[in-house]
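Right after this note come the structures.
Note that chain A is present in both complexes that follow, paired respectively with chain B and with chain C.
Let's look at the complex of A and B:
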């Protein structure tokens, strides 16, 4: 904090992004996104028609269990889905442009520059044979016309900003010289190197210990206010969402089942899946109370049940649930839920 | 080389309760080999003088961050890892002094559930063989009898009897962990080390397995050593909880007491670091500076002092004893009595809750 300000000489406040913002004032608008994967046994609809929007400086949390499609959503926005997967439909409006329609060349200007991403595994997302300083510097040199020494100086500033002690020395380290928390800081420094208007954080703290997680979350919060970056936060940890996000989306089998502001969704969940998910977390200080259980397991994406895909596990299941898929309905207070109960 | 007073102050609450497992001054070091001759050039002190008792029928939780030695402690108790020194007594018998055949007999009573249900089951063995292997090794020669027992334990953990001939890849993570539980149960042990049994599972499945472990404990009169990094899971399941830091015990108390009145600054930070799923609960968080130091060369005195917001001179000079500060509440901290007031003051002044740990400086 002592260095203050931004290490990068671009003006921070009226963000360039705001110029080309989507008509609605949102930075990112995803409409009816579908991402499918071809497998030997048939087509897996990993993401099957989801909508989401993020305004500048806001944080949208996406929660769900493994296989619900939350990571594929983020990879689709970055256009990092490779065969056998493809974006089968929908729009990803960012800065007024539809990312789905951009060429690979155009997309390269956006990745790392306007939208950047922090991955789950700080152990595997860095190249082990280059110094961390070199890797972060590369991101700057690729997108901005700067000399090598200028890039190096910026990396040192970035490292200082993300709280890496003695940055001048640490830039010369290789990833194996660093702890998990430090590596994740390097990833964040890289993601923020070009001051993106959107930061996608896919389980940014899952591989880290709680005290280190606390440091990283504080860091992301701090940077969000300083740089006004919008954050798409993907996590299975509802505690992290409660703390970080303004809005939250709950996903199940590739679809949004509930959506709304964090306060309403987490304190007064509507969809039976969200209710079950929230009450199956043991919370500190509440003891000797049997944990609520969502019976069964997530169905195979190749063999989804007819109607509502949550019906076989749902305590409130009705006849119609097995027949027809419920729509994502807007309820009182603006929360949306995909359930026949409402 | 140590000046701990752990021996005199052995955790013991409700002395009438029978002690099933007693661990004294347990040390497990891993050698670091170097040079051309692969000589020992140093050692990783993974577990460095840990003492505790586990009573029959209780769940003893062991928490700490990665590298604190909690898994090594569990593995050393089962002699899956060689202890460097110390004593482990199970039902009054010194486990470390047993010869291999005696140890084999003892293993019937002491089992383990592993962390990763994906890598701990042999992919080439059908479930029936995985669960039945222990039975065969321990003398159940009759194939039919074995299969019957396996089917019984499959139903106990909530799986279908027909699964005997299936292979691990046919199951989901939660189901695999149930197989791991059935495997540990098959020999009807008295004591099970649960090494992060739910950390690889999704929350909805995690709660299924936690409930199962609770039910089995009642049904079979089991004693658990429950190892996890997730304090809320440990606190939910355990009667008493021990917090480890860098190979040493930092604090030990009943689950409720530890949660309500943590005394060690590390426990305080750990508890405050857990994000609460309720967006209305916004307590001030204690953010620790820096990383856990290397166990190869731990700091002098108190091992937590390098990250401790309330450390003072004595902490560097003298290792704190693991002492009973309140009844049945043990803490290894020189300032345990005043820690609550001191930490609150630090948090209020913003010193211990700075968002940017930049100020740690090069000496961190």
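Let's look at the complex of A and C:
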């Protein structure tokens, strides 16, 4: 991974990291984002008014139980939400532009170029009929005018950089010739091919086993420092957040319930939901452990309880919780929590 | 490193992709197959498919026969001077004249051998052309419907429904009346067959696209900025190729028999245009007195349709991208 000549170490130009940043110095600022899905039984508010911000080179972790809207959030930022879903409101300021307002064509120039994404499933994220080199090469050629052979040379460099052994030979492999860990490296190589300023990693390691998981995380860390890429890291795994993230947001039923820097939130969680999540931390090295220490289950998105949506499961529930939705309040130390206790 | 043995993950990894079980020789030599392109692999698999290769051989033979009809046929059936009207009218099959009257002759003295060789031209031209144009239209319409979904899909699929319910013979007769002054020409038959055929392909393609559309690799391609047109034709279509090609081969077979049927009913090609269907129809007008004019085109029709089905079968196996043997 330290060999010279990798495309990343060659050209660490600060352009994307500093140019066109939002006024506040953040690379990405999401305000009041709402993404809804129309279903037979009604409208599912998968993401319902969330805010987040990431500065260049920083990592924001997003945690929460399955179905709380993490993937929908990341797809919204990429503008990849399809019917029956749509972005119902809010702003996604990136590089000074509101992505919500861009045309599909303008958005296409951002995807893979300025913002790219690593998916949850390395097994199925590669097209079975093309060689992996071909697919990564395409990601380059979509945005840059380079010849096929130049693209291939860059792919070989990228493969070397993400730690794929004998990359010259591996570029000619089809996905089914590769193991899950190798495929995920290919996906990472593809996501990083053009040195995006924002990398969205949606559970990049859940499908992998533990040792490979650790290697992939090392890789992302390494790239973050080399290229100053900001990372939006979505995960079930609090351990991963502790290791990787600068800040964290905790989501529940499409809303942010707690937000703050990682150390404060993990050491001293405020929201009862965060407390519950932390007390159910999977023991080290156990993969995909279900977080079910919190009593009860996530309510149906079609039938959310009135007031605080966590109230039915909350050990500290009070009368007001069933009546009124609490605001996201800033507490001392800068941590925000959406709870009537504060 | 032998993938099968020293990398325990690769086995598990394969499973979501594979439709067939692990082949016994998968572990034997994984590196050797690795450098081959999918096309080469498909060809290798097709070559191992015995019936498919027989069908392909028959088809190639028939196509060459049709192309070189003027050179190989004993007479030119469209040139009255080359037929022996007086000597050979209704001549029964005989071994005495070599190939020429091996299958007999019709009432105009045209040898059945020539009818078959020349008739192959229109039979194959109509069925191949009509099926290929149907496929092209069907792939575009079905691909767009399946890829975009929503109202685009609903709209296009209603149109498809309409075309699927069109009564074939009525369309043909109306088209002949409106565009052909009551006559059906080769071009007209091709157009009508295309109009009647594309909707089946569109429905099929739409189905595969709908499922491939939601596959993660499609989303991954979008996430790096690949355009929709490129995703439809470069990423999704190759994955949907197997059912499309199989349907296309079967469509050719279907069009061959349908063309013969309309000829038989008298709505098809008009004299002097000759296909296997018109040759077959001829004898029925003669109360099957000269049975040989009916039987031999019928035999060729059957052989061709069976051969095409074999090819379809072979293609279906050969294009299974996930299988490795």
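What we mean here is this: the second predicted complex is superposed on the first by the 320 of 342 C-alpha atoms of A that agree within 3 Å, B and C clash if a C-alpha of one lies under 4 Å from a C-alpha of the other, contacts with A are read in each partner's own complex, and residues count from 1 in each chain.
To be clear about the criterion, contacts are C-beta pairs under 8 Å (C-beta built on N, C-alpha and C of every residue); 3 or more make two chains touch, one makes a residue touch a chain.
Nothing here was measured: the structure is a model prediction, and the numbers come from that model.
*Asks:* A:242 contacts which: chain B (first), chain C (second), both, neither?
*Replies:* So A:242 only meets chain B here.
*Asks:* With the two complexes superposed on chain A, say which partner A:113 touches: chain B (first), chain C (second), both, or neither.
*Replies:* In the superposition, A:113 contacts chain C only.
*Asks:* Answer with first, second, both or neither: which of chain B and chain C does A:139 touch in the superposed model?
*Replies:* Second partner only.
*Asks:* Per the contact definition in the header, classify A:97: touching chain B only (first), chain C only (second), both, or neither.
*Replies:* A:97 contacts neither chain B nor chain C.
*Asks:* What is the contact status of A:329 with respect to chain B (first) and chain C (second): first, second, both, or neither?
*Replies:* Touch status of A:329: no partner.
*Asks:* Would you sort A:179 into first (chain B), second (chain C), both or neither based on which partner it touches?
*Replies:* Both: A:179 reaches chain B and chain C.
*Asks:* In the overlay, answer first, second, both or neither for which of chain B and chain C A:280 touches.
*Replies:* first
*Asks:* Who contacts more of chain A, chain B or chain C?
*Replies:* On the superposition, B touches more of the residues of chain A.
*Asks:* Answer with first, second, both or neither: which of chain B and chain C does A:210 touch in the superposed model?
*Replies:* first
*Asks:* Is there a shared patch on chain A that both chain B and chain C touch, and which residues make it up?
*Replies:* After superposing on chain A, chain A residues 179-181, 209 contact both chain B and chain C.
*Asks:* Touching chain A in the complex: which residues of chain C?
*Replies:* Per the touch definition, chain C meets chain A at residues 3, 7, 9-10, 12-14, 16-18, 30, 34-35, 38, 149-150, 215-217, 219-227, 235, 238-239, 321-322, 324.
*Asks:* List the residues on chain B that touch chain A in their complex, please.
*Replies:* Contacts found on chain B: 65-66, 172, 174-175, 202-208, 210-211, 214, 229, 231-233, 235-237, 255-256, 259-260, 269-280, 285, 287-288, 290-292, 354-362, 364.
*Asks:* Spell out the part of chain A that touches chain B in their complex, as residue ranges.
*Replies:* Within the complex, chain A touches chain B at residues 1-3, 65-66, 160-161, 163, 165-166, 169, 179-182, 209-215, 217-219, 221-222, 236-240, 242-243, 262-263, 266-267, 276-278, 280-287, 290-295, 297-298.
*Asks:* Can you tell me which positions in chain A touch chain C when the two form their complex?
*Replies:* 78, 80, 82-83, 108-113, 116-117, 119, 121, 123-130, 135, 138-139, 142-143, 172-181, 183, 187, 190-191, 193, 209
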